[in-house]
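You will see chain A twice below: alongside chain B first, and alongside chain C after that.
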Partner chain A sequence: MVCCRKLSGEVFFIIWAAVTLCIILFGSGSAQDITVNNNLEFGPVFPGVPKSISKYSAGEAAEFFITGTPNAEITIDFTLPTYMYSSGSTMAIQYSTTDCAMDSSATPNQSSPGNDNLNPRQTLTYRLGSTGLTIWLGATVVPGLMQKPGNYSATITLTVAYTGN
Partner chain B sequence: MKTRKVNHRMLSVALLTGMFLLSIFNFSFGQDVARGQAQATVLPLIVVTATQVLDFGEVFQGVPKTIARTNDDSAAIFTITGEHGAGINLQLILPEYINLADDSDRMPIVFRATDAAVDTNGATPSTVVAADGWVDQNPYILPAGATIGATNTRIYLGGKVNPSSNQKAGAYTNDIVLMVAYNNQ
Partner chain C sequence: MFRKNVIFSCVAICLLMAGVSSSVAQESAMIRAVATVLPSMTIIGSNNLDFDYVLPDVRKSVDKTAIGHAGEWIITGNPRAEITLKFDLPDSLRSVRGSSAMKIGFTIADASYDDGFGAGQTAPAGVLNPYTISTRNLGWDGSMIVWLGGTVFPTRTQAGGTYVGEIILTATYTGN
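This part shows the complex of A and B:
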């Protein structure tokens, strides 16, 4: 009988520990996730005529959506291509120091984002909102006068990490 | 029995500690990476061809001679190809004189405000009408709304030479330059 009570105490301790850990794991620090809502779409580009896509332009600007622990601070780093490629040909792509914007509100507003005119080449630090964080990116392509016709593309990489704050 | 009890508790504490550290690690240093695309389609290059020269033929001393933009055989014709429907800027750089090859004499050439036409519809100098594009245009200020036609766009240009009464005999030439660029319209 004594033996049974001791075993029950240990089992209770293990269950308590498991429950506590579940609270720690799922209550305080869920992993973040990034969704690419929209690629950066330049559409038709004329040789010799630079074309800019505004970060405010819905359906054309790149849009990323980050989810994770509400109010957690994160760092955001873009790895931005310098050129777009098409079967051996390259086309320059440029980013201004104000080509990025983000909004952590529950209803993100691309035309009037909460945090605007950010430099996408710098590490950005921000807090996730209650539902996440939306990031927009614009850019400019600079085709040459003799730019070879065709479909050009390049990869934009976004890395997000918690700071622990 | 006592040893077994201690092992269970130690195991539990170790488990608790490990998972706690794991959660902290996840909370503090977890990261995610996403890859989006930048995409663009570069349209065909503009190609400009001098299809036909502005040919005044034989000119008599002291007798001005005019070539109409509607002259199929002698009006200048430039042909432009590129992206159908794309807006283009057109600019002609016109000479004031045509010259002998050895530059020993020159002859004035003039262009009137109606000496050019822009054809986006595959007509000819003699058949082009307003519905085909723009007619009776000032060659120094070609229309801003020009586009590239389904097959091409052609510029027709006439002009007039004014030889002097003592104009030196010989073949006179000079360049007429047409510059074309997409205007993103």
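This part shows the complex of A and C:
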């Protein structure tokens, strides 16, 4: 009985030490979290008339907000669709090499972002700010002259990962 | 032995936490790109510009308000959409039986349109200059009618016969 009580004390101490160590080793860095603030909204589109949404256009450009370990370096990758779909019909969607922008300041400025004219087709590397990182994306749809009327949509995926730096 | 098992378990817990930590080192989020495509535009030539009989050396005009004689197009598209209108005008008509030509001309007030805000061909909503590209809006019902008049100038020795020419009206959405 005495032996068991002694062992329980040791076990408790070892577990406490292990958990504390784990918290110190792995709990200090926050995981990232991505919040979608805005979809990429083209609104009404006329057949035969390409329509562009600027990354500066509040309420229309796509907007993501990333939080995580302050000042940690991350990579940012977009998965960009080539077409938008509507019940069997497709409509081309294009991205220029300057259609992305981001701002890591505490007060992100969409009309004058801290890091502008980025290529969304390439992996982007940047550091989170003290409060996070806001990313904007614009694009252009190219409807055909006889584009079938309707609501078109497509999915854009943003993936972020710590580099460890 | 028991102590070894406890230590092993603690190490396993640490590794598990490390695994959990690394598994959230990458994060993805999705958004939707959304757009609403509006109806296409159609344009139909509903009446030819018809000068009927023409006498040699007597010029003849057809007014844009002349029902059944003025050229007429009916345009349909998205209500109140802004469009541009561009005429391709011939400078002469050609005889269908030979190589004879007859001059045709247009004035800067020879075209008109009604987008529902006028009273039809005789009192249209406005005048168009057929030599320039005009920007207008379709009506609330998405339609517009365009009319065109013109003048032919037969010569004193104009060969008899039927003369034709092609007049094209191109309507294009501006995107506004």
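Here is the rule we use: the second predicted complex is superposed on the first by the 140 of 165 C-alpha atoms of A that agree within 3 Å, B and C clash if a C-alpha of one lies under 4 Å from a C-alpha of the other, contacts with A are read in each partner's own complex, and residues count from 1 in each chain.
Keep this in mind: a contact is a pair of C-beta atoms (placed from the backbone, for glycine too) under 8 Å apart; a residue touches a chain by one contact, two chains touch by 3 or more.
None of the values given here were measured: they were computed from a predicted structure.
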Subject >> Room on chain A for both chain B and chain C (clash or fit) >> reply: clash
**OP:** Return first, second, both or neither, reflecting whether A:Val160 touches chain B, chain C, both chains, or no partner chain.
**Re:** both
Original post:
Counting only touches as set out at the top, which of chain B and chain C does A:Thr69 meet: first, second, both, neither?
Top reply: first
Original post:
Now for A:Pro108: first (chain B), second (chain C), both, or neither, which partner does it touch?
Top reply: neither
Original post:
Once the complexes are superposed, what residues of chain A are shared between the chain B interface and the chain C interface?
Top reply: 10, 14, 17, 21, 25, 29, 31-36, 38-49, 51, 62, 64, 66, 81, 84, 86, 91, 93, 139, 141, 143, 146-162
Original post:
Across the complex, what residues on chain A touch chain B?
Top reply: 3, 6, 10, 13-14, 17, 20-21, 24-25, 28-29, 31-36, 38-49, 51, 62, 64, 66, 69, 72, 81, 84, 86, 91, 93, 139, 141, 143, 146-164
Subject >> Parts of chain C lying in touch with chain A, wherever the complex brings them together >> reply: 2-3, 6-7, 10-11, 13-14, 17-18, 20-21, 24-41, 78, 81, 172-175
Subject >> Complex interface listing, chain A residues touching chain C >> reply: 7, 10-11, 14-15, 17-19, 21-22, 25-27, 29, 31-36, 38-49, 51, 62, 64, 66, 81, 84, 86, 91, 93, 139, 141, 143, 145-162
Original post:
Where on chain B does chain A make contact in their complex?
Top reply: 1, 5, 8-9, 12-13, 15-16, 19-20, 22-24, 26-46, 83, 86, 181-184
